[in-house]
């Protein structure tokens, strides 16, 4: 590169002259193009391109307490609007979705409280959110019944985590529920660590009842070929990763195992690479594995996802406009054929 | 507190049904009220209240490479719109303001480059921004002349960092310049670590010229009573802190020394408290010192300021509306009388 | 509290007069007692107390690429010395243990490399560690055979992740292997997200072979009652958490479900609480859930575990001395009776 | 590079067989060579090389509340042992040094306390350290007298921050004091943001007394040529940076202005590069400026300095052994001749 190639485009300073729409602000960030503002505007561009690319399947990897914190409707809407095609989540996010579907709530609280008092009051804290124990208890008993029902229907058959998620969604009567919306629209939800959540303890409750003859069995490995198959059948794949952990790793591994490599990648995280954990690993590192293509359209935003993801969605929805209707490449029926339905 | 007091207000999930203005999105964050989204919406509320409180003087503490990254016009506009009353900055931010005032630029670059090649090309990197050496050189020579001029005008007198900043602003002919806008509108800019920036090396250049008889002298301690006096004369004080370091400490110390304590505080930082540095210290900690009042309206947002501060400004400007005109409590002339002008 | 209660013990400054043992340095940190040094010395004290408490079962939660980075022998030794009683790990750490058990290696590399070149060379990068693809391939084929063998032995039976781990350990002929050491000494290793690792793809390889009639089945939920039972049978429980994610959550949930609550807790992480994820959540927050007791002996160290955990181990081993022999409360046979062996 | 060049040296796993000295543990970290352990062992190697390189001048940049937290004696000893040649510090660290020199203390406290109660009790909190107001008050009055004395001695002369620091050290009668040790041994201490600390308010106290005719004047820019001259006269320069902010920037800028560039660099910080601040900027970035040489021996350790710096010192002191006596290249008298004494 010659010297002048480095000095092509001056930073244009952000101007806020009055009321701005979210995407107008993002355009200002794009003009500036630096630090987090540059990364965020790039993330919006990439998500827009994923959606407009008719050959791309969009994966959402979901870690962190995003559903308790207020992202439930947003994800449900993205599913129903077909702006997300596959979800890989922690169990906990779906547990909290089910809590609300069964009439429970998450309450605005505070991070500086007497946690021992909360303990005595049977209130659980998630940073600045409070959840009353009774909402978990209601969940436990209702879901244990649902497990009974699923088990009696599926006797002798083991489920994948995706089938399990759809079976739950089928039985949650709440249009705002992520699980319900995914079931209705045939968007696969994978829960690769389903055991590590209240779903695990509900299983125990269910399995240890006297009347339970054949407890529901979720096969830990059964969803591996399912998610890999999706990557394989899609000409292109894109991922939006919220947080890290198992959901990020599962999506990336599917891209690796299918020998496709992601074509688009947006990662929102506060983790950093130097301690070597996957959650903070760079997109460059994923290229060495083949999880993300060397030439992929990709960016990491180092920020709190509960701020950033809604901004990205708002910016992209504004760009797409009211009339935009997306037709996913992998039609929902096709997914069902490939990897099975409920 | 009784149990039910903890369970008052359920999280309302974020909804994005179409195009949203920035403040409409912030209202969604307020509905959710959790994690960074809750903090960010609170920060907007507090800045709005600072501005609407007719007795409040608003301090902006400015660290990090915010001016190179695209925040120059934003700050200039806040000064001109009287939405910021006092600035405490690193020297570097004002150096970069002057670079642009003298025709230089910051260029959009990349963080993953061959830095040794940049070195050979005489291009300086600030994360993903490039600055050509010639823009620094032009600054050095032009400012050395300005120093000569100031020195000859102020012979036998030492300047405070605020007087120094205004003297510079007076001589920078660029309406978009922060220094110029501050000079014109009599907004004090304090540079408590002025020596630790190109301003220091320019001084050396200036002072070591043969013709220089009486070099310009900036008295390290002279701005202490100036900034304290401002806090003292204001019935209320509020601060917005971008980053940490010397600017945050200087503003907080003025609140302490004036025995006022801040009434409002918004801090945007990525630092964390556990390593004990001031930059990451909590607002609770500042209360023990009397730097911020126990009952102050206060919040920290843990995020990249180049994203967050423009969002706050956009949200608050939208709330204030087109007709809003703010009259600062400490009229500009009053500041000049109290702490001296140029 | 009276004023003087806050001013009891002055910081004693760290002195390094010559060669120090690790624990002598930790004693200096204890004298200073501040910031990370205070937290680290407290962590050493707590681990020592866990070990000396004859009624305590010690859980190690293991996330992050700790085995590739050099912590393999350390963990194996802790198992063999009975200084750790139960392990909950990511799948990946055990995958990398198996890679070395089968003759593979992790290589010292660098974080600033051309990842596309690595990709073309079939070398995978984990921050500054390189792993050649052939070591994964060797693992895949050898483990697929092991899966066949386990499947044929366990026909019609589903395994828990712990049983799966022991079955592997039984077939890995390497005394330095964590899996082997755990199998030999009957230390349970739980892998609650076993699917999210190379173990998942090996399962696919194994299950899709023509000859495979009855693929090995790991029941996602089967280890829930196993780990809860361990907590329940122990008069006291303690946890050392390296990183966060599923391992931390699984251990904490076992303490909750058993209604015991941890009596001791040391967490080493770089995550922070404000974004609401479990990995960065405070120990205070865990108290609201009953995962950790209000009066527990507990500390978080905000640091890179590959530095901190070996320091803690070295300090505690020095304190225990050569003659010390620990007898875990839950004798290994007892664990086998309670939760089954291989 | 050929493929095999990437796969040269396998990670050797950390072994802790019994009591280890600090440097024996660091050798284990060197064997593993990964993540923070690799960086920390490299930092020890680099500091050792700086010291053994007879042509190298060693700069220590000191930010964060390191002196209150227990690093006072360590730094004093490094000065007296001639293992550090130049210090650049925040004002606050030297304020806290002076507090102890005048009989005050820092107390072990806690981070989770009622800060409003502390406020009412006149106790200041620095994360988990408490400082009683009376220790500041004693400092204020005693130092104001010292300022009077310096002013009367230096009438008509402005001081540099370094001269100011030595004048203080001369008058603090405590062999454990950093300021005292630096004065006695002629180690320059630069305080480029001296105003931003209690020293600023003491100046105000001093200058506003009736009897004060000619207040002490510290020239903000006077230390610029002093520190640059030191870099220039040293054949080689090395820096150890604790934290970031003004001290890091000042040291790096001296290397730039002297056109030398650092030959050795160790940075200990928790900051990250992506938000663009200098404190988290990479060593690669410094190369583009010429602050650090492209071929320099350099490493960043991402960790809490109160843990890491004592480990580095202990490891290096162990390596140097009892008989080692270092003779700095820039003899103390030479510094005095070059940049003036007191």
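Just so it is clear, A, B, C and D label the chains in written order, and each chain counts residues from 1 on its own.
What we mean here is this: contacts are C-beta pairs under 8 Å (C-beta built on N, C-alpha and C of every residue); 3 or more make two chains touch, one makes a residue touch a chain.
Bear in mind that the values here come from a model prediction, so they are computed numbers and not experimental data.
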So which chain is the furthest away from chain A, centre to centre on CA atoms?
-> D
Which of A-D and A-C has more C-beta pairs touching across its chains = A-C
Mind checking the centre-to-centre distance between chain A and chain B? Centres are C-alpha means, answer in whole Å.
-> 37
In angstrom, rounded to a whole number, how far apart do the mean CA points of chain A and chain D lie?
-> 45
Between chain C and chain A, distance of the C-alpha-averaged centres to the nearest whole Å | 26
Please set out, as single numbers or ranges, the residues of chain A touching at least two other chains.
-> 34-36, 65, 68-69, 118, 123, 127-129, 272, 274-276, 284, 302, 304, 306
Complex contacts: residues of chain B adjacent to chain C | 34-36, 39, 272, 274-276, 302
Residue ranges of chain A touching chain B (in the complex, touch as defined) | 1, 3, 6-23, 25, 28-29, 31-38, 40, 65, 68-74, 77, 105-109, 112-113, 117-118, 121, 123, 127-130, 132, 176, 284, 302-304, 306-308, 310-311, 313-314, 317-318, 322
Contact footprint of chain A on chain C as seen in their complex | 63-65, 68-69, 92, 111, 115-116, 118-119, 123-129, 158, 161, 192-197, 199-201, 203-204, 207-208, 217-221, 223-225, 228, 243-246, 249-250, 253, 257, 270-279, 281, 284-285, 287-290, 294, 304-306
